[in-house]
């Protein structure tokens, strides 16, 4: 990962600020011959789109994606639009850049935001809506992820919100069907009902709350990843940690593994039907020694509460003067909700990259 | 990160297997003119060395480091050995490769180990002592870290074990001096006393246990890191996750932040003496928007229990036949202990790289 | 260099096909605080623009550039638009995609073009106007180069055409002022007059001809570049060779150096006024051991004749059948002419990258 | 290419100085399962070894290579030593570091050498024998190249010296068998006879002379390379330019192509037997649009005369004082000779990398 690009053979470079002209990405290294329509990318973007419920920011952005390059169709492709192996540029124009008074955010450092650190690093910043540090950038990731999903044959990538504030779901209730039935991407219908009331309270308080997201990839072939600094779990950790407001990442049992004894943490094996071992448990989250085992790859990450709140906080301004600050405007009371499709996209990009790298180094074994 | 190299301007490439001829690393991009003696590297290696207490593996390795290139001294340098800006190759020869019968590990997949995944990826593996997947590789990291510590002026990097199995330390007892007084790198003397009894029990049971390590870097200048995929926390997450047996990484409050409300998670600011804001708390762990704030950088990670245990576990062999397996030999009952100096090394390498990258893009602001 | 990105700290990723929706680039790693207006980029693009004389393709493209991200202005910047350190995305929409019958180029492999090799690699290609292999992509490079020119303080980068077909200029006549006075970017007025007649003949014959371009960077500080695979000349060679139709690259005396004796090739030194050596000659082209010496950096490269000609050539089609082929359409009879501003752009990008890398590793010495 | 590493999936990092403890390389990303013995690497090193005739330096170095990691053998591999997919570290210890008085070279800047530029960049340098800038580093490349030759199935890579000083070979006399019959790697027996007399004269004069080397790879599958900055020819240009003393690189007809007309430069095609086009000429040197065509890949490069000569030259010392300088010691009168095996190694490394990258992105088409 370097600046604004991640991946090696499947490489994504994103650009754009919250209130700039446009944001987007260049997806480089996508294999040729994959069917790709703007509608498919749009469908993923629509899942992340703001303003879909009272629980996400009321910014009105259609987030309409435009494919600028890298695809082709003619009668020989049967009219289907296919990737060509050249870079796929995707652009989303910003439309709802509400003209407003930015004088406060311009001069102040909002606690929990990147205002101070950007200034400390660069000496200036595009402060409108948070500029480059806004979670709006994740729209570009979701677009790239829609391409990445095409790369590894036979995989399924799904994410869900498994904790809001202090309230974890009951994993016994997990139903993937439920994820689409509530505005929280929550797989537990009971928890979703609770979250509705809970988050309304938070929102009315002008407060915010954190969350935990879980992403699961099924059908990952064994062998993806590499020792030592090309580990699949290391790349996934970086990918998830790069999402705005994320403060922790776990693979499989994660931090809970620290409290286990060796015999309880061992994923025992029996003979499988397909010549592969059949694992009796998946404490490891599908990754051993940095390489996929064929079991589901399971990643969880923690999102801190949205830093923009209506409760006054102590801070300083650019001139070093002490101030009290509240952050008005359109915000997600639980920014973790919209991180769910972003997490799927990051998982898809990392797996696509490792799939191509593995195929390069080892051939078609996987 | 790519295969066996990490970093961009400060780049470390490691090589070597547990029972091969030698292991080591090439440190590329180290600034010129830094004093560097083999003894300084050796001092760090000695902290990680096996066989120093009954709580770590009894393998007898002097882990003697040799500098093969990249340093120079003459009368003009006053006899001091200085880095020259060219690659610094460091080599540690393996000496205690006990000749033993590897037939069992050769043909079997030890649960929790990378035996199966290496075979699935590469079709063959150096199984002696775990080969490339052995934690022995971390000696090379510690050596590289000793160089990296020289790069960022004025920083202090320290790590400690803060949880063993289910037993967390009492943070009120935290005393950095204690870390050197017990074989666990534990900053809480009471906890260290407990761990002694506890780990003896684990060891006698032929079992093993996990741990949590915390690494703190003080004196990090604000401005290190970069949006979006060059985030300091993303690189730290990858670095720590790349250490053997690590299953989770947190920055600052980490997973606990998910349960907080926005007003409790905000790191409020007041005017500081040096023109910088003074932060009243550090929930963020010294990183905002992927860029260092000047506050201590705080990272925690979970290590799973050592997979090599004497309790029989179900598994399969290379031919797919079902077996019962115990892993004899010399093992750390809590592999997290020796991860402490490794964690410091990884922190040092990541900060060195980001310091140089920052200085490149922005100049000497930081 | 990897796929469609080059550079390490100053990184350029380009996208787009000849007849696609748009082409452009993302410039990542540009230092913050540099003034940058679209007009400045446009001025460079206008130098490369097609259809400016009867000696370049008659395609009518305004090549209007749009800055999508990475710049900011407000009252605090005095209304000036400054770079912010975040990625600068530049887009040029294609407007003159003449609707035409592509059936011939679709099914045939034009000699000297990349038609066959793209098909051999990817299995399909966007054949319209050559798709991604069209020299139209170089517009994106020129745009990126306009940004790169801002990075290294005090440098001057200029290029000129020094040979057309077999006709070299008389270097005694070299006058930089002349470069802007003729449609060939030729610094020798006499040669330019000759080229006019010569190229008219070539054009009327339906033929084409090659050229040699020379690029010179003055004011390059000593110390840019790095041993062994980060050599400044190696990166320049790759950069120039990556321009369409380039078949050879030289630094300084280049191939002529092979025929020299050591004493004739030595660039002798005398004491300079500024503490640096004063070089009495510059056979080396400003680079010694891969690192800049402070002398002008001199690069020359050869461009092959445009492959699209009206003379029938033998070829095969996609089905392997033998055909005779002529390439109609709008072509540059000497594609080397428009390579002149592209060469400047590539020089600027490579120097910007090495300047930032040097500043990162070594500090502000250079 | 970055600092001391090149390649992406097949990555080589070299280290070491002329008179340091050892030099070597880490080859990362080599596919698993390839037979590799130290003897095979040694055979390539022996071709480059100094002191084999009176026409190369009289330094006595056995250049004995040691494999430190990345290979494995047991009864299951039939006792053959195979690569495992993990990094292959190769080390060559320096033995003939003649203890001598370096006071002159320590303080002086030898014309044509990197003495001044290293000092300008780093502020200090290991001046013994040229340190890192010595061509001795190319031993590590030759070792890496011996591994790289294993990667692409069915290719043949050969190089030859085709010009010494002003004397080009007669290409009609080209006989690959002759290359091993003379100390110049010259494929023309008549030219070799001439070179013997010619170079003796140069040597006795205390002078030196340049050369041109040609490298040809046969059996390269079509499809290797990538648009735009991953072009095969761009990577080859960088690879060859990175060899010490190289000042120019050509692909196919190279600079001669500039003087051609389009119809003479076109490589016409007829139907081939294997479904591929049969090219009637190879002006392009096997690369079109940056991608291999299946024709032989032909690269030529120019080496400047050795800078170390016995004729006094004007220079300055570190303190800026003007001096006259001659460079005594053991030198190659034509450093181009020993560049021949180095060129083969670089070709092998670049093709291995592109083969793996292609296989990653596109699959097994090539």
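Note that the chains are named A, B, C and D in the order they appear, and that numbering of residues resets to 1 at the start of each chain.
Here is the rule we use: a contact is a pair of C-beta atoms (placed from the backbone, for glycine too) under 8 Å apart; a residue touches a chain by one contact, two chains touch by 3 or more.
As the structure is a computational prediction, the values presented were derived from the model and not from experiment.
More C-beta pairs touch across one of A-B and B-C than the other; that pair is A-B. Centroid distances built from C-alpha atoms place B farthest away from chain C. Chain B and chain C have CA centres that are 45 Å apart.
Chain centres here are Cα means. That of chain B falls 38 Å from that of chain D. Chain centres here are Cα means. That of chain A falls 27 Å from that of chain B.
Multi-chain contact residues of chain B, defined as those touching 2 or more other chains: 2-5, 8, 14, 29, 32, 85-86, 121-123, 132, 227, 358, 362.
Residue ranges on chain B touching chain D, taken from their complex, read 2-5, 8, 11, 13-17, 20-24, 26, 28-29, 32-33, 66-70, 72, 74, 76-77, 82, 84-89, 91, 106, 121-126, 131-132. Those residues of chain A whose C-beta lies close enough to touch chain D in the complex are 8-9, 29, 31-32, 85-86, 227, 356-364. Remark: chain C residues 1-6, 8, 14, 109, 111-114, 116-118, 120-123, 132-133, 137, 163, 165-166, 202, 207-212, 222-231, 233-242, 244, 247-272, 275-277, 280, 283-285, 287-294, 302-309, 311, 313-316, 320-322, 336, 358, 362, 365-366 touch chain D in the complex.
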